[in-house]
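Shared between the two complexes below is subunit A, which has subunit B as its partner in the first and subunit C in the second.
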Partner chain A sequence: MDRGEVMSVSETTPRRLPTVVIVLAFVLLLGFLALIAWGLRRSMSGPISVGDRVPDIQMITFDGQTIHSRDLAGKVIVVNFWASWCKPCEQEARELEEAYQYFKDSGKVVFLGLAYVDTEPNSKAYLEKFGITYPNGPDLRTTVSQMFRIRGVPETYIIGSDGRLAAVKIGPFQSTQEIIQTIQPLIH
Partner chain B sequence: MSKKVFLLVSLLMMVAALVGGLAQRVQAQQPTPSDNDVNRVARQLYCPVCENVPLDVCPTTACQEWRELIRLKLSEGWSDEQIKEYFAMQYGDRVLAEPPQRGLNWLIYVLPPVAILAGAVLVIRILRRMQAKPTPAEAAPAVLLSPEDEYLKRVEEELKRAEKSGR
Partner chain C sequence: MIASFGFGVLVLTFLVSLYGIGAAVYGVRSGKAAWVESARHAQQLTFPLVSLAAGALVYLLVTGHYEVSFVYSVTSNAMPLYLKITSWWGGQAGSLTFWIWLLSAFTTAVTLRRWERDREFLPWVIVVSLVTVAFFLALVIFFENPFNRFWATPTGEVEAFFQPANSVPIFPSDGRGLNPLLRHPGMIIHPPMLYLGFVSFVIPFAFAIAALVTGRTDDRWIRLTRRWTLVAWLFLSLGLVLGGRWAYDVLGWGGYWGWDPVEIAAFMPWLSGTAFLHSVMIQEKRGLFKRWNMVLIILTYCLVIFGTFLTRSGVLSSVHAFAQSAIGPMFFGFIGVMFILSLALLLYRWTDLEAEGHMHSLLSRESLFLFNNLLFMGILVVCFSGVIFPLVSELLTGQKVTVGPPFYERATAPLFVGLLFLMGVAPLSAWGHSTIRTLGRALWKPALVSVVVLGLVLLAGVRSFGALLGFWLVAFTASVTLYEYGRAVLARARRTGENLWMAFWNLAGRNRRRYGGYTIHLGIVLMAIGIIGIEIFQQETQGTLKAGDSIQLAGYTVTYRKLDEFDAPDGRNVARAVVDVSRGGRYLGELHPRRDYYYASQQPMTIPGVRSTLEDDLYVLLVDWRPISAEGATFKVFHNPLVNWVWIGGIWLIFGTLVAAWPDRDPEVEQARTVGRERLARQTA
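Moving on to the complex of A and B:
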């Protein structure tokens, strides 16, 4: 045995951090990991699929009216995402208005337009240009588009009278007839 | 009399012309938001549809329209903060270059200083320990011998004694 290696007990034992500090560090670390996990889970969760129950949608129209989808229970809700800067949206703008007029008197179908990352003056000009009269408003904080995880505009989500997602149209509708044919079977 | 009236009318006309000129000049100096004003706000915002592109340098038509919106809001007397809040309300907090200090965002502001502070404390502790650690020469007198070492010492002494007596 080499005596040079021999040291006193006080020198060989490392000084430990106070237990409170260690526990606190672990709690902080676990909390941070939990936060990351929550964020990942949230970002990885998929879009609302056909058949899934759709959470409540809230929108404030350009004329200040607040609409909650929960207040429209029992009706078919057509949620259309659009933007004034979106050229394909123009293809279906008039058709959507025509379909709205077609179902308007039945009282069983509600059309809601949500302007996706658009400016209010441009949105209003767009609505005027295409003579759109059903409720439209901005998708504030992109809450609703994030809920549906839209990939672009235009996209249309049709919620059945049971509150579940019944149909999805990615891209513009080709004709008024196509819109009517999509909605008609959902009316009970 | 007519001369006085003529002078008065002339004077009034001159005053009117002067006031009109001033008014025109005042109108011309109306503070229309300049590009610099717009960009000052725009650089604090990001394009809502592009990936990580500040609004002041974003080349798309949509961004141009958002910059015009900023110009419009500035001309209406909105402050930079009000415009930023408006953009956040319309397009979400992701358009803000600097995340607002609310909700979980506060972690962004709190965690780095805490991590730096904890790191600094750790480094100081390690440095202090290194300074306090005695050199081998200094450590020698402090060496405590274990009972086993005492035994070895005695064995060595006995061996030495035996060697001496063996001579």
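Moving on to the complex of A and C:
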């Protein structure tokens, strides 16, 4: 059968759309809508709020050490987001280090610093400038900051020894005292 | 008081829209034209009503009524008047109101046309327009009320429209001020242009749906909406170009397009809209592509709504993300209903939309248009998959993986190359039947010119394959387009005896659509030159300089002279460097890259110092600085060859669109006039 014949056939009888095609079109559309609905639910579930269990946080420090928060169970974990380009972060940098020194010997509190959207040389220079000694690393692919849905830097999230989020500080701490007072009641 | 008035008017508009929808449906079902007419009046009422509400909001913004939370969040006492007005679209609630205002302007305008010949479309056009208006009004009224006020309650501060029990209103003395990134002229015009583009696509969509519902499957709906589509396309293009310009001037990463999800969200309807603009010509000329055109316009409208949803619901993270808000689920519901209904309607009428002819030749103009459409769809598919990939990956692996610019660039580059090539070939191919031979005969002269240009580019020392291919295509398409112009002008001049200018003027005037289209093509070619320049030849370097030190890039020498730090009266701290620029020992002037730090929002902004010529841009950023300038400052320097052609091409393109969209004299009016004149002549005779 040559092609001209096929064409003339299709000309005379208007082709009905096969049911398969219709079903497929709707399945595709509904699948797409389902995906969007799922994404929307995820984004609506919002940040981890105080009292929620915090999923495992993984970070690689600037020294190349890998830290998992689940290995630190039973300790209070202070997660601080900062950046070398962030001026308000500088206000609390020394205070955080002082608070770290204050709790260091108790062995019950861990400080983790995560550099948010920063370059390594700048981050390191910042750590050196403020004499920060607790573990710090980049927040690779902004995974951790996305988990907490941070709005900016600095922000600090304190996880209690039960693995649940215990306190949130948006913006810089005003004093070493404020940091210590926030952490103290969480130590058992 | 004013706030209550504004909100009341919004609620009233919402009710009027609902009434209009009901009246139109009832009128068409019962065959009572008076109800449809009443629905039309309801639709005409929306624009004046929304204007009143908008006026109330702008009044609150300008007079600093900070007890209204939206006013508080986008304005401050220190802001100049024009920024107070434009901060109207500086936040979610305001920009939705602005959107509704533009939308109602368009939908009101469409009811003002004469409907005599298209009565059957009217009720359905009203239904589609008013459903969209009512939906956005509902968003504003129930979720994002721009007229909410601050109240102090015993448990804390709340934002609400109605006074909560035991509360007192709060009157802040100053507001937070507009996000500094948005205080740029480009940012002031960019959102309105984009919104105009978005909302004006509602009109062709409404006509398409009306055609589907009524079963009128000829090309009437396309002829009616051709100009609307061009206007929508014009504004969307303008919005995209301005957005690029804003990014280039303000974001400080040396580029103008970052393949950010929100950029892509605006680019996707542009792609399907452009495909639509091309393929409707085939339906008009040859009666083909009826279904495809329906698919395209429905897709474009859905992408407009989907893009708005993506931007505002926080489903995707992006530099453009608006604050998280509760509008997501409702928006999702609207999208779901619109998508499903459109698809159902389209499939229902599928058989009626049978093409009236056939394609006969692979090289005919209509098949080249088909290829053009396929390429546009290809780019759209790449963009779409890139945008939803983070969602898919999170669903399947639990990890949100974002695709970056390299993916988009690699995947779309060959498609763009194909489009550019088609843009060169298609205008010279014939409708209906074309062969290699006829096409070759038409093309060989411009092709020769482009080869000569390629030789010149090679002589100039360019060796990159991508650049050579790009420049050859640009030369080819430009010479084809100019050749088309030239040939037609000469032919006309010979035939009519007009001089060349007159021949050109009359030719373009008689065939505005065609020559406007070619002008747009030339604009794209100019933009392509800029894009090739920056994509292939961009260079960058970075260095920390002491005062007097220099950094070199692409033959330029940038010498750091000094840095001043001072407070500006509008609440920012400015660190402004002075650098000297010279090239080959010749002093060219000084640049002032600076870093503004906004105290109120604690937000830094990096503003480049740019030396801009047709040949290239030297783009200097102040990356870091120390308080004592002797210690030096770090600069990032970009050399962006040919980038200005992007903007020149953009302006050219807009000019071409205006030519194509310029209203023709209405043939009916013309005819009536001639008849009248003849009658008059007869009477006087």
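Assume the second predicted complex is superposed on the first by the 173 of 188 C-alpha atoms of A that agree within 3 Å, B and C clash if a C-alpha of one lies under 4 Å from a C-alpha of the other, contacts with A are read in each partner's own complex, and residues count from 1 in each chain.
One rule holds for everything that comes next: a residue touches a chain if its C-beta (ideal position, glycine included) is under 8 Å from a C-beta of that chain, and two chains touch if they have at least 3 such contacts.
These numbers were taken from a predicted model, which means no experiment stands behind them.
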item: Winner by number of subunit A residues touched, once subunit B and subunit C are compared; value: C
item: Contacts of A:Lys87 with subunit B and subunit C, given as first, second, both or neither; value: second
item: Which of subunit B and subunit C A:Ser161 touches, first, second, both or neither; value: neither
item: Contacts of A:Ser175 with subunit B and subunit C, given as first, second, both or neither; value: neither
item: Contacts of A:Leu29 with subunit B and subunit C, given as first, second, both or neither; value: second
item: First (subunit B), second (subunit C), both or neither touched by A:Leu140; value: first
item: Subunit B versus subunit C as contact partner of A:Arg16, first or second or both or neither; value: second
item: Partner chain in contact with A:Ala37 - subunit B first, subunit C second, else both or neither; value: second
item: Touching partner for A:Pro121 - first (subunit B), second (subunit C), both, neither; value: first
item: Intersection of the subunit A residues that touch subunit B with those that touch subunit C; value: 7, 15, 35, 85, 122, 141, 143, 146
item: Residues of subunit B that touch subunit A when the two form their complex; value: 48-49, 61-62, 65-66, 68-69, 72, 88-93, 104, 107, 111, 129, 136, 139, 142-146, 149, 152
item: List of subunit C residues in touch with subunit A within their complex; value: 313-317, 324, 328-329, 332, 335-336, 339-340, 343, 347, 350-351, 354, 358, 388, 391-392, 394-395, 399-400, 402, 597, 602, 604, 624
item: Complex contacts: residues of subunit A adjacent to subunit C; value: 7, 14-17, 22, 25-26, 29-30, 33, 35-40, 42-44, 46, 85, 87-88, 122, 141, 143, 146, 152
item: Sites on subunit A touched by subunit B in the complex; value: 1, 3-4, 6-9, 11, 15, 32, 35, 85, 117, 119-122, 138, 140-143, 146
